[in-house]
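Below you'll find a set of structures to go through.
Both complexes below contain chain A, partnered by chain B and then by chain C.
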Partner chain A sequence: MIEILSASALATVQDLGRTGALRWGVGTSGAMDPLALAAGNILLGNDEGAAAIEVPVFPFQVRFAQDCAFAITGADVAARLDDEALLPWWSAPARAGQVLQLGLPQPGPWRASRAYLCVAGGVDVPPALGSRSTQLRGAFGGHEGRALRQGDSLRVGSTNGEQRTTGIGLVPPALALPLHVDDLPAIRVLPAAEYANYSEASRAAFWSEPWKITAQSDRYGYRLSGTPLEAVSALEMRSHGIVPGVIQVPPGGQPIVQMRDAQPSGGYPKLGTVIEADLWRLGQAPIGSRVRFVETNWDDAVAALAQTRRWLDEVRRLVELHRGSR
Partner chain B sequence: MTIARASISVLGTSALLFEAPGEMALESQQRIWALAREAQGWPEVREAVPGMNNLMLSFASAPRTLGDLEARLHAAWLVAKPLPLEGRVVELPVVYGGTGGPHMGDVVAHTGMSIDEIVERHSAPLYPVYALGSHPGYCYLGGMDPRIATPRRKVPVVSIPGGAVSIGGAQTGVSASAGPSGWNTIGSTSMHFFDPAQDPPALLRPGDSIRFRVEKVIR
Partner chain C sequence: MMNSNSDRVRQLSDWLAGTDIARLELRGHGESICLRREGGRIVVAQDEPALVPADAPSVTATAASVGVFLHRHPLRDTAIAETGTTVCRGQTVGLLQIGALLLPVASPCDGVVAAMLLEHGATAGYGERLVELHPLPAGA
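Take a look at the complex of A and B:
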């Protein structure tokens, strides 16, 4: 068991998301930084999609009620196990009774806002509709369908008695797969159906100006602030399926990027979609920070997805090499 | 005779959106259901999700090129026959206006009708469930009287409660749980639309129908 000691809100149990339930109105949920979740699981010898704790507010403390290998990925949160400082993107063993503290995200070579606490065997909450991710709107999945609270205890999944190697770390994807424009994190976007309905000046501004992530941003969506986007004509759309990454533009002209807890359908006009391969970059961008959008095309977007897949495959190969050498 | 061509666009590398041409009507929606049933069997498709006169195909993995899939979709649409789904009718008692219908005034202002006229027109039809979406168990309904159509709100409301009956553009619906919405809430009802432990988890499915019964009108 892992016991939650912090009263800080908004930490949730997430895996790689819920697929196949869109037809009942159920969105995907899942980790805002799926690369960090998958890599943390690979470090521990888990399936890539094992459930972990996503932590967006710090400090955050847990007590291990059992011996347990764990890994922390995502933001560098100056983690400490009792008094011992831990490296980011690293796996370590905990003994029963030890307390793990995640501190504030550190300024450094990469800036991120969410940490993932992965455990060997995964966080063992009951799957709901095929996933362990928390469905906040539907109040199911994850731990009792809600964010974690002080005093909650989470079961750790079985590793079938298998010892999991620890003491392995990774270079984070923010450094291994960097993408910047004018020193700001860059996010690639494929234009969507209503792209042409925005004025030429607005389209140019979307690609050339920085966009600030406002305080009204969360797992549901990122509300951005910048020069308002002007529609050539007001469109009243029919409701249709949407996915995380879709950039909707309400009539006020300030775009909203749909994130992992987004509704599976909507009706606001769509300027574009953040490509699947870059959703983690936006998911890690802190509130108040600025990002740039870069236009891409289908071939490059598919190639980017293959590139993140290759990175994960390489991580798995290195971890298995290390394990084999022990 | 000319046939308006459907439009196909991408939603990143995660999905593709097919939008049928023409007006929203039950017969066209029945063809969308037929197209969804067909496309669900295609290897690229993880899930075929009907919307309002449109269909989203989420990808199992992003195809290298889209041309073949787009051509198959256009061809399948041209031969899609309306799929008649005859489901059950669920009656929902609604309290219109008052604190449960905070945007009734906006619908009055936009349509120029009285509250009573709006209630009469909203509660008259039998609304077929066209599609599910938005949030777990939520139903998109067809058949609203176009005279009470009211544009979505300029800024979405942070949270409306479960059971909120609302109008967005030419559509109406009932929220299944509390959450943000860009629609105009004109009344409230109470009903459990979703239970993840059930199979299927949603109370209603495309082809079922909803009737709104006027329980009370607060003017």
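Take a look at the complex of A and C:
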């Protein structure tokens, strides 16, 4: 068991998401930084998609009620296990009774906002529609369909008595697969159906100007602020299916990027879609920070996804090689 | 079954011949060997000086693997163990990077970090001395 000691809200149990349920109006959910979640699981010898705790608000504290191998990935949150400082993107063993504290995200070459606490065996909550992710809108999945609260206890999945190697770490993908424009994190976008409905100046501004992530940004969507995007003509649209990554433009011209807890349908015009391979970059961008968008095409979007796949495969190969050598 | 050093050298040479490695140096237990590629042949380099003298300080953290030696974590701008820091046996004093993987370089004793023997970002050979420590007396 892991006991939640923090009163801070918004930490949730997540895996790689509830895909294939949009037809029932059930959104995807899942980790805002799926690469961090998958990498943490690989460090521990778990399946990539084992459930973990996504922590967006700090400090955050848990007590291990049992001996348990764990890994911290995502933002560098200066984690401490009792008095021992831990490195970011690192795995470590905890003994029953030890307290893990995640502090504030640290400044550094990668500004990130979410940390992942993965445990050997995964967080054991019942799967719902094929996923352990918390579906906040529908109030199911994860731990009782809601964010974690002080006093909650989470079960740790079985490792079948297998000892898991710990004490190793990873170079974060933000450094291994960097993408920047003018020193700002860059995010690749495919133009979407209503792209042509925006003025040439607005389209140019979308690609050439920074966009600030406003305080009205969360797992549902990121509201951005920048030069308002001007439509050539007013569009009245029926609601239609949307997915995480879709960039909608409400009448005010300030875009909204749908994120993991996006509702499955919407009626605003769509300027573009953040490619799946880059959703983690946006998912980690802190409120108040600025990002740049880079126009891409289908082939490059698919290639980018293959590149993240190769990174994960290489991480697994190296971790297993190391495990085999011990 | 290999029963002599010359058998081992032959085996190493055969392995090396199948790679694009230009130079292989092994050290340990007061012995060292250096193999060098000369065209398609692998030769024992008799005259090459060892990179570390045999009488180097006795308490050092060494590389358990080939890798890139890091003084600091890639996300941090401060060293894991600055010179002068007191560390416990087993405590991480540096990192070895192998591709995406980071392995800890552990202190072999309770002691004080005396010197980094390799630059941050330099490639470390297997068994290479990485961090020099002044051991603390037991019970200190």
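In this text, the second predicted complex is superposed on the first by the 326 of 326 C-alpha atoms of A that agree within 3 Å, B and C clash if a C-alpha of one lies under 4 Å from a C-alpha of the other, contacts with A are read in each partner's own complex, and residues count from 1 in each chain.
The rule is short, and it goes like this: contacts are C-beta pairs under 8 Å (C-beta built on N, C-alpha and C of every residue); 3 or more make two chains touch, one makes a residue touch a chain.
Keep in mind it's a predicted model, so treat the numbers as computed, not measured.
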Combined model on chain A where chain B meets chain C, clash or fit: fit
Chain A residues touched - chain C or chain B, whichever exceeds: B
After the two structures are overlaid on chain A, angle v-u-w for chain B, chain A, chain C in degrees (C-alpha centres, nearest 10): 160
Contacts of A:T19 with chain B and chain C, given as first, second, both or neither: first
First, second, both or neither for A:W89, with chain B first and chain C second: second
Contacts of A:Q263 with chain B and chain C, given as first, second, both or neither: first
Touched partner set for A:F140, first chain B, second chain C, both or neither: first
Chain B versus chain C as contact partner of A:R290, first or second or both or neither: neither
Which superposed partner A:R149 touches (first chain B, second chain C, both, neither): neither
Which superposed partner A:P109 touches (first chain B, second chain C, both, neither): second
Shortest CA-CA distance in Å separating chain B from chain C in the superposed model: 25
Parts of chain B lying in touch with chain A, wherever the complex brings them together: 7, 9-15, 17, 19, 24, 46-47, 49-56, 58, 62, 64-66, 131-138, 140, 151-152, 154-156, 168-171, 176-177, 179-180, 182, 194, 196, 200-202
Touching residues (chain side chain A, partner chain C) in the complex: 76, 87-90, 106, 108-110, 167-172, 175-176, 311, 314-315, 318-319, 322
Interface residues, chain C side, partner chain A - complex: 73-77, 80, 92, 95, 97-104
Chain B-facing residues of chain A, complex: 19-27, 128-129, 135, 137-141, 190, 192-193, 220, 234, 236-246, 250-252, 263-268, 270, 273-277, 298, 301-302, 305
